[in-house]
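Note that the chains are named A, B, C and D in the order they appear, and that numbering of residues resets to 1 at the start of each chain.
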Amino acid sequence: MTVRAAVAGASGYAGGEVLRLLLGHPEVEIGALTGHSNAGQRLGALQPQLAPLADRVLQPTTTEALAGHDVVFLALPHGQSAAVAEELGPEVLVVDCGADFRLSDATDWEAFYGSAHAGTWPYGLPELPGGRAALQGTRRIAVPGCYPTAVSLALFPAYADRLAEPEAVIVAATGTSGAGKALKPHLLGSEVMGSMSPYGVGGGHRHTPEMIQNLSAVAGERVSVSFTPTLAPMSRGILATCSAKAKPGVDAAAVRAAYEKALADEPFLRLLPEGQWPSTAAVYGSNTAQIQVTLDAAAGRIIAISAVDNLTKGTAGGAVQSMNIALGLPEETGLPKVGVAP
Amino acid sequence: MTVRAAVAGASGYAGGEVLRLLLGHPEVEIGALTGHSNAGQRLGALQPQLAPLADRVLQPTTTEALAGHDVVFLALPHGQSAAVAEELGPEVLVVDCGADFRLSDATDWEAFYGSAHAGTWPYGLPELPGGRAALQGTRRIAVPGCYPTAVSLALFPAYADRLAEPEAVIVAATGTSGAGKALKPHLLGSEVMGSMSPYGVGGGHRHTPEMIQNLSAVAGERVSVSFTPTLAPMSRGILATCSAKAKPGVDAAAVRAAYEKALADEPFLRLLPEGQWPSTAAVYGSNTAQIQVTLDAAAGRIIAISAVDNLTKGTAGGAVQSMNIALGLPEETGLPKVGVAP
Amino acid sequence: MTVRAAVAGASGYAGGEVLRLLLGHPEVEIGALTGHSNAGQRLGALQPQLAPLADRVLQPTTTEALAGHDVVFLALPHGQSAAVAEELGPEVLVVDCGADFRLSDATDWEAFYGSAHAGTWPYGLPELPGGRAALQGTRRIAVPGCYPTAVSLALFPAYADRLAEPEAVIVAATGTSGAGKALKPHLLGSEVMGSMSPYGVGGGHRHTPEMIQNLSAVAGERVSVSFTPTLAPMSRGILATCSAKAKPGVDAAAVRAAYEKALADEPFLRLLPEGQWPSTAAVYGSNTAQIQVTLDAAAGRIIAISAVDNLTKGTAGGAVQSMNIALGLPEETGLPKVGVAP
Amino acid sequence: MTVRAAVAGASGYAGGEVLRLLLGHPEVEIGALTGHSNAGQRLGALQPQLAPLADRVLQPTTTEALAGHDVVFLALPHGQSAAVAEELGPEVLVVDCGADFRLSDATDWEAFYGSAHAGTWPYGLPELPGGRAALQGTRRIAVPGCYPTAVSLALFPAYADRLAEPEAVIVAATGTSGAGKALKPHLLGSEVMGSMSPYGVGGGHRHTPEMIQNLSAVAGERVSVSFTPTLAPMSRGILATCSAKAKPGVDAAAVRAAYEKALADEPFLRLLPEGQWPSTAAVYGSNTAQIQVTLDAAAGRIIAISAVDNLTKGTAGGAVQSMNIALGLPEETGLPKVGVAP
């Protein structure tokens, strides 16, 4: 099978990572590459790491440019995907790396994104219960947010086995690429190197309702989430430290058993041996999520920690993995499991 | 007044930072500098940033070398301070940057440090309730751990005003200097750059009982602490994200008022204007702690975040500040409030 | 003596560093702070490290705002200083951190800056031969560029003693703050972390003629300069690797002797012991320049390397040092010699 | 063809990178993994990024362990390869990532490495003139040093076309992984983050004679090299800034033409469009070398700059590329051309 794929938003970090992975995907042929303000430029000037595509020129993001592909990846600012997707036929697989179709609750959408709800597409996190079934054969995929990916993967085994109280406390550190290629002062190298800082504190981050949606579905009850994201001095990676009170009677063996059961057959989830903890370096550039869990008996809390590459498993890798499932390809096709370290 | 000060352990990060501050302290004259494996070496080869002391040679850490000083700073590995301190007369001010005399509970000490409890000295965190009174005129000071400094400063206003439930959840990121100049593989630059990773997860970090001790004293009830430290790709700085459920009826105004009241007159604590959050870069090399707090109404939690320089306010700055109080000097003498940024 | 100082361009990196130093200067009182697009904002939102000035509000950069000060520091984009300086009386000490008055050759200025030459002011690098005399009593100071500072300090002893051929080859690495707070994609943290890259290669960098001017004056003959600047993944610091062929008959002892003689009495220049090499970390936040030199006998070249903090000795520290000389204050007043490390 | 490969020294940075590449090589089956002090440990504890090999256990480096493989990669400390290689039959392809067999001049070897010369093997830099022919069918390969790779690739077109005078001046920045996983204080994260520093200045670096050997062979005359390596705050990457005086009459067009001709058909060398310069980020984790060149007319020098990943093209990628040639496999097999960026 050869799949012809277009990428809308090819000049950004998410689009660039989609292209890096597609260049290594044996069943994909890369078609149109589009951009907005960068249309007309050579890709080599914008994404110098993509050597084999250096001489490709970005087209404007139009229906014409995106026509004639089997798959279209949308790596656009929030709110722009719906209009583009509407113009693409129902037989085209549209993979939206943006937020537009992630939330099922229109009220949540409007409260956090401030615009009308565009709808809900099958959610591209195959590892969640029922996740693969929802993606098989679909022609529309909502790629999860990077933080919800890291957090949901860390906590779903605990909630699936009803081990944790429905109040999760999450502090996550992200590399700066999570904020995109936006020209904002606080994202300048001079500002971020040597510095840790929080943002979106107190419940305001847009990924919060997505985490609540995922964890509540797994838990079978509403899970509240206190989420504090922090910006770390690195380009890539998310380390999510997630905890919740253990339900009465839960012991360390039950926690370990739940994680071993949930993660045993997952090709991209790696439960580390006891005593070893995740690091973002170990998953750099890979589609692997490292996960570890323990029970803090004195504090009565389950502590689950995950490390993912925000651009790979957290965005483009999850997108390609979901595309593989939707198209009936082997799920692991074209996806690196090995990190680039040190 | 001219105070003659010696530093034992002058080749390490804590000792170097004590010396950096003492070089700018108008009332201090720097006397003996001692080391262990580095005795006999020029300080300039070990601490090249301390230009004015470059030609000083480290002596072995002996009673003779440390005799004849008004103040002796101990920047030694845990467990070595008691023996040295015993040899120094009661009229000498001994400032211990190690852990040996921080904990009042011998059982806690033995459980976390695995040796016999050496005793308890006045605790060098002046900003805690009663903190200054305990230090005035003392000749023995236990400098707090860097994490307990950051965490206690972030949370004491909430506990002092009985706003928070006694179960704190803390995730903190530290620069690598917090681990000292130890030659361990995971501290190599190749390993830490581009990586976030946790350690001591699940209640095992030695700073946990110190946090419990501080917060419980302020709260008037036992506070449990779930503490997860993480290693960040930066040399200095701690960002402590601390949260606890708000007690029933507590609203945002009460939280703000408690912090404004508690921090208003503190020379080194800076409650940021609402909406601005701390960053470790802003306090780099300074004795200032930036603090911010909010109430996450949806999750029902108070989120308090502090940023300190682990070597300055978190160690050497706190030590000098406490020394100033003990000696009756103005508390701010010789201590930078301005960070080196960007 | 109390000197009242204003800073025009207080929201940028140079202006912020001037303020950091002035806050520690015992003879200076900080007056007006001005900005352009940031006028009306609190300084605390723009320079959070300057805690004692957090509540000061930026005024627009006008003659009125800057009037009534003894010293005015200009930290403005190139080309804007002349107009502002003209409005300030000849009795006011104007310290220009920009490039406008550095070059004595109008042709060079026009070729490299593309505008009319504004003139030439006394040059603020006191360590060069005749440097201090030119600054005593002046009311106009052109602060050198950061690279020319590092390069001139590394090479002037070799040229002063006629040890080196007049063809210098220089490769320098700078921290990103050298590019200012400009919102350009290549300065984003995601781009610079983990990356080294050159720019302005082949003779085009604007600091090239300034280096030629300085070295030629010292050498007594025209010195050509091949200069390659590179951007390093750090916020601050310049490491300048400078070399030139040794003149016939020059040996290692002559080289060492020249540097020892030239640097012996300089308060801010530190010739390291043989075998120890500079690092930018060692001078972080300080006005010290570390310098080392050797003779590569096989290649026949003198290799001189300097490390400075581009914002301190390379800009604001050099500015304050020159101000001290101009005003008749002790040259070292208010200037840190100790770096913040690790 | 399935090639069975062993890696001696699998716990170090070079060995880990060889394994990362072999995991993606379609013709290789990974056999024995050996170590010295780490023998007996799980690879997952030492190289957590190599998820598919996590449960493999390191054997001691013995003849028995390495027997029965088609290819043996040696990633051992300098001086240890000869003894191991002797035990392996002449039919086994031995790829030495160490220095032992790189230099053809025994005097150079003894002067720079201080031990007896072990011999000279075919040199694994296929892009040099005659490079591929020397590797076809060989069963012994000396993998070049990382710096000589970067420098030789940057300068060989200029010397091949006799454009440059035989005196090269090179300043290169390397990521810390170039120093290996050695537990030395100056390689600690706290020391390297935020710092640039030189080492091996003045002709002493062991890679100097290797550069001279390569460039002299291309130039047809002895080329002297002034080489200054610097340590940069990043894990990976080399940026080599190389220059030499242009021979009389050489103009910019001739320089450009020489590089276009030399690099046109090279699969892993990428001459950038004029005006675009290399960055180490763009080649992170890839076997690509980015190269750019210009003529500084004022200084009369050719400036050639290359960026490589020191562990990939600079070590393990070059090793696998040379293995492919030796075994008659397509040269590009299993080697990434795309960098992981940002």
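Everything that follows uses one rule, which is that a residue touches a chain if its C-beta (ideal position, glycine included) is under 8 Å from a C-beta of that chain, and two chains touch if they have at least 3 such contacts.
For clarity, every value in this text was computed on a predicted model and none was experimentally measured.
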{"item": "Any chain in contact with chain B as well as chain D", "value": "A, C"}
{"item": "Distance-maximising chain from chain B - centres being C-alpha averages", "value": "D"}
{"item": "Pair of chains joined by more contacts [C-beta pairs], A-C or A-D", "value": "A-D"}
{"item": "Distance between the centres, which are taken as Cα means, of chain D and chain A, whole angstrom", "value": "35"}
{"item": "Rounded Å distance, chain A centre to chain C centre (Cα mean)", "value": "45"}
{"item": "Chain D residues counted as touching two or more neighbouring chains", "value": "13, 175, 177, 188, 190-191, 193-194, 233-236, 279, 281-282, 284, 342"}
{"item": "For the chain D and chain B complex, residues of the former touching the latter", "value": "13, 175-177, 179, 181, 183-185, 187-194, 233-235"}
{"item": "Residue numbers on chain A that touch chain B, as the complex places them", "value": "167, 169, 171, 173, 175, 188, 190-191, 193-199, 201-203, 224-226, 228, 230, 232-237, 239, 241, 243, 277-282, 284, 292, 294-301, 303, 305, 307, 342"}
{"item": "Footprint of chain A on chain D - complex, ascending", "value": "13, 16, 20, 23-24, 42, 44-45, 47-52, 54, 177, 193-194, 235-236, 270, 272-273, 276, 279, 281-286, 288, 290, 336-342"}
